[in-house]
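Okay, so chain A shows up in both of these, paired with chain B first and chain C after.
Coming up: the complex of A and B.
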């Protein structure tokens, strides 16, 4: 495969995605055969662009919050003062991953009501786990000679953390963020079952009215977003890894 | 003797103090969908019992707060969890007016936070005890038996979630078995297809990137969309392929759910097979070749056993993921515990949501513990054998 082919495909996907969410009418003839009885072809209870932006906003807010909390927790349990919490936090992360997203969403509803909030909570919780796990791996597998050199150079604990440990773990932490964003994009669609305004609304409307065109457009937009964001974050990750001289598997 | 605080204990004690004294223990509602009234521990139980429960909770929180022997912490957490489990049932009986079949009593935030805090303590003790895999499965079995006994004894019968269960006991077990069949059946299909596919990808370099990329892209399609998209092709198969409809293949229902779960399961199985096979030490392969083993002998006698723990890890991921995803099958008429979750969300009847969510979480949790134990056992066995 030529080196420029993947970039060209990506560019084409971006153009297609932007064209679709801004001017879905152009694609009506393509989706028309999927509908029956003159059902609407393009989702007509809200603009696809608004829903896409709301979808991305929910994922962004949840991921930023999850990153801050997860990295802070990982730093805490890898300091001498928090070392006692390390084994427990590992088993908690393990347990947390067994909670199904639908259950988390549904159980958050009585506490915070319908709408965006339960979705944010579910996305936040799901986002925490991969980032925490990766941050922990990053911070506990630093090359010993580097940390010792930093200590030997007379750096304080804070300096070691911000100038050595965090930059060196950045690629691995980014890997966790990438995972949690992709999981979040998919989970946010389920949020529409509890009335969150995301692209899931389009899919669910399609399921309820047996309209395949709705299901396909909602699903494809989310999938395209996920593929592009996954690719973009992978590139950032490779870039930081090269700068830090660490290999990313 | 110097008194020393346990760091985790400080956190637990703070949570417990809030949950026991500030948060409601149970919620009382005149019927299943009206907003509830909060009841504290002392209001939800007869005075003597309520005081006793508070005393037990405070004593256990003190055990957690200070540095105490592990055995003491184990006993404290188990005693509190047992007391909470028994007394929430008692609160149901105490709060429900005699002869009133409409009133609902359900555990409130305080109860759940207390359960969380002492489970945290128990999890910490169990982690520090560093139990063997078999012992962990044993703990799981004992806990399951205890919960089963409580359910059979009827001491929880006055709680709202069990009243929801009593109204639909038959469909509960039917949906439950559908849920398990969906999760396990799609896993089995994914293993049958994924293992050979993984071996093929490992051997044929050109397939490797292509297959894994396709599977990666499938993973990015949101589950509800994938479930929906399969309705059309399967509906077509049902009407056009003779015999397909007789096999139960239909556009909506279990068939698209099964296929969607199968597609999601393929990536972890194939990827872990490839990683596991790639991790087989070159020396082992060379030795096998030197001994004159054929390709097939090498695959089954050397590569496969060595890669097994990694493949099992993939299967664990799939099983836990499938148990969770199977709840979404309810959206396309595929059944499973999701039926209760979505019905409950639709009727804003949270106890009905719990009736669907609690068994799902319990199943996923049990599957994770059992498979983790199996993985650890196969991995240690391998280390012992190679040592």
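Coming up: the complex of A and C.
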């Protein structure tokens, strides 16, 4: 395959996605055959652009929160003082992951009400595990002679963490964030069942009114977002890995 | 001066270092030799408190090394390890500047020091400074590792098998460079190795360790002539002994009056090299020239063979 082909495909996908969410009317003829009985072709209970941005916002907030908590937790349990909490924190995070998203939503609604909050909680819990696992791997597989040299040079524990351990683990932690974002993008659509404003709204509206065009446009936007973000974060990850002198496996 | 007094390190019931006492004179090179698991690395790491001793005291210039927090102590002591341990995410210049930055030197002083060390180690600061460690050869990485250890002008430099990962030719060069730099800065060097050849070559004094105990601490010639135990004897290697003894002396010290034919050997070469040259070329004598190229006399096979005999 030619080297420029993947870049070209990505660019085309970005252009298509932006065009679709800003001017969905242009694509009406394409989707028209999927509707029956003169049903609306393009989602008409809100702008696709707004929904896309809200969808991204909710994933962003949840991922940032999950990153902060998961990385902090991983740092804590890899210090000598926190080592005994390692198994406990692992199982706590694992429980977060085994809970089905729908169950989290259902349980969160009575506690925090309908809307964005229960979705944020679910996404946050879902984002924790991949980031935590990767941060643990990153922090525990640092080259021994490098950490030894850092101690020998007279770095304090904090300096070793911020100047050596975290930078060197960054590519692996980024890998965890990437997984977590993609899971989040998909899970956020379910949030619409508890009245969060996400692209799931479009899909659910389509399912309720038996409108294939709605289902397809909601699904495709989410899919395109996931592919592009996954791709972008992979590139960032490869760049950081090179910068940190670590090879991506 | 480094005074090690009754240092012991135990992990649970295993004693890794057992009641070691020794004094290392300032501005000398002390080599600690021993087999794997003899406790030599642990002993070294107790000097800069990467390992805390179970019992005993280590004094640096009279001051207990526990009078400072560990990280501050370590900033004042150079530390170079096998496989260099360079920070892969930092440039060569940033790696060398590690300790000066920790000590809060101003930028101009750091830059001047980094450039000085890189020049000293034959690495062009403009060409190599901005590179990353993985872009360097093994020998260059090792030099950067030592330069980093020397960056903050420490009085004491600890080295844990610093040349272990180098091929023999680069290793010889690295050893020579280190000795030259030691003379220039007057640094006290404590070097751990399992290689007796390296110990005899580098050390002003050699400390031999076995199973956590210091079995002999003496000048190289003394260790070669009078090994304190069978273990030291084995480490020295009976068949290597005369040649190692010769390698300690310079040709200029073995010069006899008279002249000889053929290519002259430098007075600074080791007597071992001179003997090798004599044996290989089948000549009975070699002319010797001084650093200025003037003839000093000659060395003979007979003369060298006498010097290779066990000292009385």
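Note that in this section the second predicted complex is superposed on the first by the 249 of 249 C-alpha atoms of A that agree within 3 Å, B and C clash if a C-alpha of one lies under 4 Å from a C-alpha of the other, contacts with A are read in each partner's own complex, and residues count from 1 in each chain.
Everything that follows uses one rule, which is that a residue touches a chain if its C-beta (ideal position, glycine included) is under 8 Å from a C-beta of that chain, and two chains touch if they have at least 3 such contacts.
As the structure is a computational prediction, the values presented were derived from the model and not from experiment.
Partners chain B and chain C fit side by side in the overlay (superposition on chain A).
When the two structures are aligned on the shared chain, A:54 is found in touch with neither chain B nor chain C.
Comparing chain B with chain C, more residues of chain A are touched by B. In the superposition on chain A, contact of A:223 is made with chain B only, not with chain C. Once chain A of one complex is fitted onto chain A of the other, the partner contacts of A:155 are limited to chain C, with no touch recorded for chain B.
Here the vertex is the CA centre of chain A, and the angle it makes with the centres of chain B and chain C is 100 degrees, a multiple of 10. After overlaying the two complexes on the shared chain, residue contacts for A:102 are found with chain B alone; chain C is out of touch. By the touch criterion defined above, A:129 reaches neither chain B nor chain C. In the superposed model, A:215 lies in contact with chain B only, and not with chain C.
With both structures placed on the common chain, the touch criterion links A:206 to chain B but leaves chain C unconnected. For the three-chain overlay built from the shared chain A, the minimum Cα spacing from chain B to chain C equals 21 Å. Partner chain A is touched in their complex by these residues of chain B: 6-8, 109, 120, 123-124, 126-128, 217, 219-229, 231-232, 320, 323-325, 327-328, 331-332, 338, 341-342, 344-345, 348, 350, 353-354, 356-357, 360-361, 364-365, 367-368, 372. For chain A in complex with chain C, the residues that touch the partner chain are 143, 145-146, 148-156, 159, 164, 167-168, 243-246. By the touch criterion stated above, chain C contacts chain A in their complex at residues 48, 50, 71-76, 79, 81-89, 98-99, 102, 132-134, 145, 148, 158.
Residue ranges of chain A in contact with chain B, taken from their complex: 34, 81-82, 84-85, 87-88, 90-92, 94-95, 97-103, 106-107, 109-111, 182, 185-186, 189-190, 193-194, 199-200, 203-204, 206-207, 212, 215-216, 218-220, 222-223, 226-227, 230.
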